[in-house]
Amino acid sequence: MEDTPQKSPAPEQVILRMTSIGKSFLGVRVLRGIDLSATAGEVHAVVGENGAGKSTLMKILAGVHQPDEGTVEIGGETRSFAHPVEAQRAGVAIIYQEFNLLPERTVADNVFLGREPTRRGLLDRAAMDAATSRLLDELDEHSFGPRDMVKDLSVAQQQVVEIVKALSVDARIVVMDEPTAALAEHEVELLYRLIRRLQGRGIAVLYISHRLREVFDLADRVTVLKDGAHVATVRTSDVTTAALVKMMVGRELDAYFPPRADEAVIGEPLLTLRDAGNGKLDGIDLDLRAGEIVGIAGLQGSGRSSLAKAIFGAEPFTRGEITPTRPANVREGVAAGIGLVTEDRKAEGLVLNQSVRDNALLVTRAIGRGGRSHRSTAAVAALLEKVRLRPPRQETEVKYLSGGNQQKVVLAKWLTLAPKVLLFDEPTRGVDVGAKAAIHDLMRELADTGTAILMISSELPELIGMSDRIVVLRDGRVAGHLPAGATEEAVMALAAGAAGAAA
Amino acid sequence: ASDLPPTGASAPPDSGTSAAPAETSAPASAGTGEQSEFFVQADYDAQLAMRTQTAEGPADKPWEQAIAPQMVDTAKYKKDGPYHLCFSNAAVNNPWRQVGWTTMQEEVALHKEIKEFTALDAEGKDDKQISDIAELQAKGCDALIISPNTTATLTPAVSGACPAVPVIVFDRGVETDCPVTFIKPIGGYAFGADGAEFLIEKVPAGGKVLALRILPGVDVLENRWAAAKVAFDKSQLEVVGVEFTDGDAAKTKSIVSDYIARHGKIDGVWMDAGATAVAAIEAFEDAGAPVPAFVGEDQQDFLQKWKDGNLTAVAPTYPTYQWRTPIIAALKILKGEEVPKQWNLPQPKITQESLGTYLQPDMPLLHYALCGCESMPGFPGKWGGK
Amino acid sequence: MIALVANPTRAVYAALIATLAIGWALVAFDGGAFTLNDIVGIQQRSAALGIVAVGQTLAILAGSLDLSVAYLISLVSLVAAETMAGQSSNILTAVVVALGVSALVGLVNGVVITKLKVHAFIATLGVALVIRGVLDHLYDGPAGRVPVDFQQLGYARIGPIPVAAILWAAVAVAVWFLLRRTRLGNRIYAVGGDVEVARLSGVRTDRVVIAAHVLCSLCAGVAGLLLASRLGAGAPTVGTDGGYDLESIAAVVLGGTALAGGRGGVAGTVGGVLLLAVLDSIFNQLEVNSFFKDVVRGVVIVVAVAVYARRTGRRAS
Amino acid sequence: MKRAIPIFLVLAGLLVAIAVANPYFLEPAGFLGFLKRVAPLAILAAGQYFVIVSGEFDLSVGSLVTVEVVVAARLIDGDEAMTWPVLALLIVIGLLVGLVNGLVTTKLRVPSFITTLGAMLILSGAVFLWTGGAPRGALSQGFRVFGREGVWAVLILLVAVTAAVLLMRADFGRTLIAAGDNERAARLSGVRVDRVRVFAFMLSGLSAAVAGILLGGFAGVSAQVGQSLEFQAITAVVLGGVVLGGGRGHVVAAIAGAFTLEALFTLLNLHGISGALEYAVQGVIIIAAVAAGGLRLPALRLSPSKV
């Protein structure tokens, strides 16, 4: 795909060269013939739809998986890693897509896990603490220290620990698999600065993200994977966003977001909160009306998830006026026709070892609603058709589905309820571009049929593109309301509490 | 059940429910296998001889009788009452020990001169019994009664106690003669021989006999089988199987059912302990086969079945009345009266003729007839009878 | 770490002191008295279980568990006693052989769990059955003879303190040190906390689990040696009669170590074992029926763990 | 269900081997005898399955079986008229013990391994405390019919298997397995996780009551009747490919695991593996079976659909 003859980097500068990598899981080919190289000081992005094989490729590099075919060369030497520790020793550090920390251990313990320094054969905790402190300082992170327990940290702070852990390895190659998924905008800025510093030190950074803006901000080159195959490697300066998306999904995506609701469609409030609060929220006033999508914006930890869980009944409101129902627990919420698409699909949304069918019927069965007809194969097939699951196989275990398809199953689960109010917490986090559009369409369709929708998203373009109205939270309180089509700056101003922010 | 060793009652992860036959792979004639290392010819001879000797002592109190006693002088232990007796019990984990323990407590109640009776239950644990014995020595006991959990392993503890206090051992022995007296019925060889001789007499030559044992490795049980084996090997009977039942009724019944199915007809059943005899009999009933000549024990359920089914049976015994004797012995010792060094109690067997006297329909099914407790004040309520 | 473990650990020691006080009062009321002898009795009584439980702590912390310790103890007692055969000169060989057998069993447990990926419950239950088969096959009853010199281990005292108790204390301190101050200890916590995280962080998790099992079995081996010295012989039922498998797990959990692994420590286990031993001693003093003891033991274990669950639950919410 | 195929192959192999060694096995009476012998363990395995698939353990069933038999003997005490009231009481006891196990596990958040270990101690202690150390009384003939007459045992087994299969197909079963798979997700979907788990423990208690009735009927009163049954039941379930930890496995496979275990005992017995080594063989086979299940060839697994 590279049209312009490339100034090939001097041989000694090529730190990583992966050639013809192939990998199968349980007889299914996940990667075939992948080539990837990185030079010193380069940021090389890897993009592709969910399930394209990005993480698998990185895990091969990190020694988590062993390739079925192909070779990995580091610094010109062919290496094969039987265990992550061997990759570590070869200078590969990785921030995994999923959190990879022990909540019951301290920050320092986590950072040095597997590489604990010793003195005269005994653990040298002082050295661990000192080194961790130094790294935290380097990152300008002063909100916690090496002896804090990881479980007491916020999600963003935990991500910082992951980064420190990767930096503490004396690495030549640093892999970051969606490091920003859990970060707010200003934290992303910090990460950018950090990556620049790594670059300066001649470290090769492999960067995976679904947020194309970051790819263009950071990367020198980008490699596109699709269905486990190598599509192209191009210089970011030589390609446009649209072209990149086309390479990823294999077609052009015309409109990013479905049209907004017609004023006429928006109906009565289905849920009204007045001065509602609990341990994490206070003074919340909010109306959710039939046919409307309300976007909730806010920084990490501003209470967005708490709001959704409170409305749903999982962490109920303890005060305020909530009409028509104030669910005291999940079952009351569900009975009142409220559904919650949780932030963490795997941990909170799905029973991964069960079939698509069992997951889709979970809510129906839990509340014992609907007779036999709701549980029939035909009814479930219709449901899967509605959420556009591809292929709509009912007996597949959900753990074998891609992220986007998994999210569709979660949606199907709630649709059986014919919900009056549906709450979406980061519905497209880690979902690829194609599936994202499908989920957006579905949300709008639901609204059009009279469901009140609340949507939380950390991706401002998505939030702004989808919402009929935006409510910004700050420190568990409503910081302001914005109309459809507000600018990112307006949202950020409210969220961050900048002076003079208009309400 | 009399000597069901501790394994039988504690709960190791035991996964077997059906039998592990010793010799079943040779279907023609399983035989009786080799004589075990536990067989001691001299002891065998002595016990078989004792069966015919008359015991000394009051005729109506077999628990005070002794066969061929070698008296020892106890003057050095003489002291004035009241007395503090101590007892280290192996366990109370099966009906035999339960009946015995009740009987012992009632015996204590009979003697006003016992002001205190301290008993510790080792729950079938050797290590705990060793600690218990140490603990009891420090309690200022005037005499220490021990019912050892196992023979060899309690020897050091018993040896340790002997210099401090007069020690009385009963039921299972220890490998030291330091206790003042060791009380036991005649013993396992006599028990085993009683049953085997009965079968040899009742079963026609060439008849098939099934031997059911609880488990290997327990000396008393090994002795029973060893004596039976000697008898069977000399006889015309064919021992078609020697099986271990773990003392488990369900397993026993399964094993016997299998043998009935495989051999069509079994002519006699020998058992080293009778607790599962009824289950074995039921296997014949359920298979619609006649109940053959049977060796059981003095438990009421077996005696009842015997009478109701008009069986050809015999019940050798390991009398629970031996639990009375240690208290009596302790008091004798403390009063300076001489006691037998080895106190051999008579060990009667229940036959067709004596069945009537021992069958007590008002007693619990698992009650042992030879408790010698009928005239005690608490009878029958304390033993669960009506 | 300390703050976290401190809760259940402190709780178990508080319970221990309360039990001692109540027990002392009950016994006094009953007309008896707690004497030095009883204290020594408690130490003696707890030594074997204590050593096994310390080892079991390692297995449980690593996210595993070991149901084979009881049969292993029996096996070790026999191997040791037979090797000694009453000769003092054989003691060293016997100890080495016994510990070698233990380590081997631990290795098998660990390898079956990690390499064959069999759940620890089934793996160690299976190994227990195998040992049981070997025991039943080779031994009919107590065997071997322990020379008087070696019996000192089980009976001798230094001042008022039994050598057995010192042995237990030494094992506990060694394992405590291992957990707090060595890489292996650190990694045992990590693997028990989350194997996958530990593996991805570069810990060779299989080795850690295997090491934990080898150490656990070695502790069981030491307990087997101690019991052999107490009994003067090896006995094929000494481990199972003592119920060392389930009771050691109960003691560990009573000491506040999470059954799921990754949380807890040796200090709690020591408290748990002492608590069980003190209960036992009180029951002995009061001559309580053994069935009643079982009921009380069952209740104590469940209630203790329920209390810990409440505490950690409150922290989390 | 595909996960369960190996266990059925193993079972079929064992049954063939038994039939070869002992042709009597193929006669109706012989096979009926086998079924009768399997019934209690199979029922216990079904009960244990519910608990295991929901992510828990029940170690108390062995003691509970003993309790059921001992209680029945003492209360009936040979009186035919007491048969039915006592049978009803036994069922209630089973359910009640399950209820308590379930409530302590879910409401007090005690790991079920510990809850039921405690229950095991408490039950066996309490029942012998009550009877003074050994069983008392006697069972009536009416009571014993269920365990003694093969037809009854097989009938009860059939009912139990059918009920278990229907339960697992019903909403209860699907939500139970969901709770075992991912408790949080199940809760957030409105599943009453605690309630289904308590119900699972009650089913396990019920199965122990029924197994107790069958075992007591089969061989009469005995203090050891329930000894180590908990380990056998768990082993059977695991042999059936059900995963400890919950969320995976089929109840029919768990029951097949019980059949396999019993068939294994029968076969070892037939081939005269010496009593001692029997345990060793068992241990190796159990480990091997579970290991083979874990390392099964990919082809036998559900093929993942790549989307």
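We just call them A, B, C and D in the order they show up, numbering each chain from 1.
The rule is short, and it goes like this: contacts are C-beta pairs under 8 Å (C-beta built on N, C-alpha and C of every residue); 3 or more make two chains touch, one makes a residue touch a chain.
No experiment lies behind these values; they were computed from the predicted model shown.
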Note: chains that touch chain A and chain B both are C, D
More contacts between chains, A-D or A-C
A-D
Using mean C-alpha positions as chain centres, tell me how far chain A is from chain D in Å, no decimals.
44
Taking the mean of the CA coordinates per chain, how far is chain C from chain D in Å?
30
Between chain B and chain D, centroid-to-centroid distance (C-alpha), Å:
35
So which stretches of chain B touch two or more other chains?
11-13, 15, 92, 216
Where in chain A do residues touch two or more of the other chains?
none
Among the residues of chain C, which ones contact at least 2 other chains?
125, 128-129, 132, 136, 289, 293
If you go through all the chains, which pairs of them touch?
A-C, A-D, B-C, B-D, C-D
The answer for chain B against chain C in the complex is residues 5-7, 10-13, 15, 36-38, 91-92, 118-121, 123-128, 130-132, 134-135, 138, 149-156, 160, 216-219, 222
Can you name the residues of chain D that touch chain A in the complex?
171, 174-175, 177-178, 181-182, 184-192, 247-248, 298-299, 301-307
In their complex, what parts of chain D are in touch with chain C?
104, 108-111, 113-115, 117-122, 124-126, 128-129, 133, 231, 234-235, 238, 243-245, 274-284, 286-287, 290-291, 294-295
Show me the residue ranges of chain D that touch chain B in the complex, using the header's touch definition.
22, 24, 29-30, 33, 37, 41, 62, 124, 132-138, 148, 215, 218-225, 227-228, 231-232, 235, 261-262, 265-266, 268-276, 278-279, 282
Where on chain C is chain D touching in the complex?
112, 116-119, 121-123, 125-138, 246, 249-250, 253, 259-260, 289, 291-295, 297-299, 301-302, 305-306, 309-310, 313
